[in-house]
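Shared between the two complexes below is chain A, which has chain B as its partner in the first and chain C in the second.
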Partner chain A sequence: MAEIHIIGQILSGKGFPKQNLFCKWSFQYGNNWKVISGRKEGQTQVESSEFDDNCKWCFPIDIHFATRGIQGWPKIYIQVYHLDWLGRSQLFGYGFLTIPTSPGNYVLDCFTWRPFGSLRERFIQFFMGGGPQLKYPDLVFSASDRYKLNTETMGIVTFEINVILRNFQKFGVEYM
Partner chain B sequence: MSDGTFLLSLSGQIDYISILAGAGSSWHCKYEFVAGPDWKIVGGLEAGLSQTANVVSNGEDIVLNLPIDIVYKSTNLHGWPQIVLSVYSGINLQGYGRSHIPLQPGLHKLNISLSKPQPSSFLGYLGTFFGYQPELLQPKMLASTAGNNLIQMMSSGEVYVTINNVFQGLNILGYDIGRVN
Partner chain C sequence: MAIYRSSDDINNLRIRVKIREVPDESAHDEAKEVNEDIDGETKMIDWQQKIYGKFEREFYKDKKNCVTDLEKRYHQDVVNLIQNDDVLFTYVNEDEFSLVAEGCVSNSKIITELHKQVNNVLFMEDEQEFVFKNTDVFDFKESLIHSLKNPFGSYNFETMHIMADLGEYVGDTWLKAEYILCTIKYDRTQKLFIVFPDFTSFEPYYIQIQGDVRRIFQYYIENASETVPIDALLKENEIVNKIAAYQAKLKLQKTGINFDLPSKNKLNVYLFIELLTARKFEYNDIYVQYFIDLPKDWFCKDPSTLKGTTQTSHSSSDDNLSYLGFPFEICLEYNIQDPAGTHLIKTPCIYFEVISKDSWDRFRTEGLTYTILPVARPGSYRYNLHCLRICPKGPYSNLRRFFIGDCSSYNDITWTSVPEQFDSKVINKYGTDTVGTGEISIHINVVHQSQNFMADTRDEASCKHDKFILENLNKSSLIKSIEQVVEAFKIAKRKMIEVRKNV
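Now for the complex of A and B:
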């Protein structure tokens, strides 16, 4: 089987309206793919920044996949949350990032969004926090159901990712 | 390497710390490498401690010029080495930083962001008025993907590190690390 290593870090989140952010991440991949070692989901620490709005998580990612086919190339799915002063967490953004299909070192931006509530919901959100969330987070990946959503722009999550392929050439996969 | 292993040799230095440093403070930095279970150190030091560098004028960069030299041997890329830094001013912690060792051969200039833990209890918060700064029992935990969910951290400052790395035997094992930038 061909193997792929994804090694890198969730560098930072910037452009979010508030600090004290953390990021939940998980890998999504097709049926042919198997995780040999490494975690496929996790959560960063809660980070804030002293002087700007750039929360530098620097959270490591290191995962090793084996695959029988190239269908369902892995994606990283992220949810950014804000932890407020009462210890409540509220959703600040959804997003996903497709892992590049050629080997190399990449710095990639994931642009995030969140559901946009009605006027009444936004009023409550402004004073009380909270806000609408997706009931079925799989909606993030489906291109066919997105039209039902009402969203607003949130910040940018930056990743640094190294992709290393093994034995792809042996199976005749042309990636360069 | 015919026995399925490859070598990673890295050499370089921790150049300087860029952080809000007041005149009269003295700083030092600890580094340690964290790697997966398959990784063995063939040569060099796993951890090190810098000299104490004194700050003469406000806001200057703190030059350490601390050499790093280490050679790893492994059979698996998983658990790629990471460097974990702890920066202290006097005996007070000023920040932790971590970064993967670059996965491509050649010269790399890293800037590693530092962040320090914030107190999580009211008592801890009161303690900050008396100069108490929470620390991690094991800074190496930052290098694990297991998560450190409940830690709240504040980022401040950066450390500049130069690393040269060389691989041996990666291509033979079928790995393709891509075009080197």
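Now for the complex of A and C:
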């Protein structure tokens, strides 16, 4: 059984149309994988920056996986929401990011998007807020179903991630 | 000052303090005579052991002075105590004795505005009997006050002071002059204790009292804790090892020892590809189709993963920068059946087609591009691929593109690299008009897995990074081919024996 440690943080979100953002995150992984310790999902605080449009969350991630196979390498799935002045949270983006497969320190950008409604929906969204969301968020995970989606480019969520691998060499895995 | 960490119980700590008045060399001879009758005083002091000083003894003896429970208890103790003239005594944690100069409060004369404000806040909070609540919700004020009170971080120290009362009798009354010999602080959670000043090494510490006569005291602080007997130490180590082994076993039970291995003579290449962004394309609302072309000797267990389509992405920026954020993974298998290693491994290619879809559902090809998959070496790769678009001649095709769209206006996407049916010596693409369009960026992580790597001796692992897949595989596949011959020989031999039996 090989093990992997993923230690890092969700640094910031930038390029979103508004501030007051928070981010829900969770790890997605294949059946072979098991969480030994650490949290596999969480939610950041609501954040707005005074100086630029770069919301700094600095939310820690620390998780330890064990695996029986390489397939289903962990990925981070994020949902970014905007909390408006009425206390309503409104979807600002989905993102999906593969954890690097070789050990080291990485600064990774996760490019997010959100469903793009029809003209009427966009009109309502402009005045009322809200907007279309995915009914089945699993759609994000499967590469085969995503072609059905109409999306709109949103912001970038930056991660800083350290990856530590263990015992992979024992099973003939070469990663760098 | 010294900071120690000990996993043992603090109650085992025992400190020996020796104090002795030494004659002042610069003083007159008569002073010496006076001092000689005071022999050194030695005391063994346990952690938080209360020893009463002369002043305290007299103070607590009077029941009128004792109000709180603690003071009443001290009164009981003091009454039962035998009188002596010891100078050493202690202040324990419960006494709440504290020093002004302790901590980071500066005792300089300059008091800044910040100091005043901080003191105000602390004073206010003391009045309100502030308790630091340990709730999940973050409260800025609580956090601020907590950090003001604990400037060193979240330590929770118990303190103990070893003191000496070096006062004198003036007439009948004892004028106290308390000096701190040593301060010990302990944090139970962190198992950390601080001794200030540190245990004496060679030179004793000196205290100088300026009075009518200059008096000098020297004292030693020694760690007199009983050491653990060797038997117990060994036993403890054994138990710790057992616990560690048990925990390792538990972990193993949780995780198991299996790992999926590719079959022999196979190399598995795992590709984790991410389509990141697309930019500078002519029309908005674009999506990307990808397709992986596998040459001979390469297989994929699930061929449906070899092609796919991203979501349509609308962009509102100037250079039509669209975020795709589309990760997918592919497992390719390579058959290592070429013992001599004579032919080059053909590497698979990935082709991309960027297509725009507008509000009237007109599809237009925005760009074609390809890259060779970096299967030769595991690692992490990032590519910026520039796209081109085939642009047929004449105004008709341009009108067609504008009005009704021109999706898939080509026969074969592999044309962008080396066409599939290509067999002559020179690739000639002359005669085809193309237009350079935007670019897409992708990120590829590559991992190899093969049983051949397992069999490899690990001592050459360091130099292995410089080698490429071919060299690694060739060497091991040579061994494999010998194994195959031996295997075939065994089978043939067994068959022969069976045949003989029947005859």
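Note that in this section the second predicted complex is superposed on the first by the 176 of 176 C-alpha atoms of A that agree within 3 Å, B and C clash if a C-alpha of one lies under 4 Å from a C-alpha of the other, contacts with A are read in each partner's own complex, and residues count from 1 in each chain.
Keep this in mind: contacts are C-beta pairs under 8 Å (C-beta built on N, C-alpha and C of every residue); 3 or more make two chains touch, one makes a residue touch a chain.
Everything numeric here is computed off the predicted structure, so don't read it as measured data.
Undergrad: Report for A:135: first if it touches chain B alone, second if chain C alone, otherwise both or neither.
TA: neither
Undergrad: Just checking: does A:120 make contact with chain B only, chain C only, both, or neither of them? Give me first, second, both or neither.
TA: neither
Undergrad: Contacts for A:36 in the overlay, against chain B (first) and chain C (second): which applies, first, second, both or neither?
TA: both
Undergrad: Classify the contacts of A:164 with the two partner chains as first (chain B alone), second (chain C alone), both, or neither.
TA: first
Undergrad: I'd like to know which partner A:147 touches here: chain B for first, chain C for second, both or neither.
TA: second
Undergrad: State whether A:8 touches chain B only (first), chain C only (second), both chains, or neither.
TA: First partner only.
Undergrad: Once the structures are superposed on A, label A:58 by its partner contacts, choosing first (chain B), second (chain C), both or neither.
TA: A:58 sits against chain B, while chain C stays out of touch.
Undergrad: With the two complexes superposed on chain A, say which partner A:68 touches: chain B (first), chain C (second), both, or neither.
TA: second
Undergrad: On the A-aligned overlay, A:20 touches which partner chain: chain B = first, chain C = second, or both, or neither?
TA: In the superposition, A:20 contacts chain B only.
Undergrad: List the residues of chain A that touch chain B in one complex and chain C in the other.
TA: 36, 102, 169-170, 176
Undergrad: Write out the stretch or stretches of chain A touching chain C in their complex.
TA: For this pair, the touching residues of chain A are 1-3, 32, 34, 36, 66-73, 75, 94-98, 100-102, 109-113, 116, 143-144, 146-154, 156, 169-176.
Undergrad: Using the touch definition up top, name the residues of chain C that touch chain A in the complex.
TA: 251-252, 254-262, 268, 270, 272, 274, 276-277, 285, 287, 304-305, 308-317, 321-329, 331, 378-380, 443, 445-454, 458, 461, 465
Undergrad: Hey, which residues of chain A end up touching chain B in the complex?
TA: It is residues 5, 7-9, 12, 20, 22, 36-39, 42-51, 54-56, 58-64, 83, 102-105, 162-170, 176 of chain A that touch chain B.
Undergrad: Considering the complex alone, what residue numbers of chain B touch chain A?
TA: The contact residues of chain B facing chain A are 36, 76-80, 82, 97-100, 102-104, 112-113, 115, 118, 142-156, 173-179, 181.
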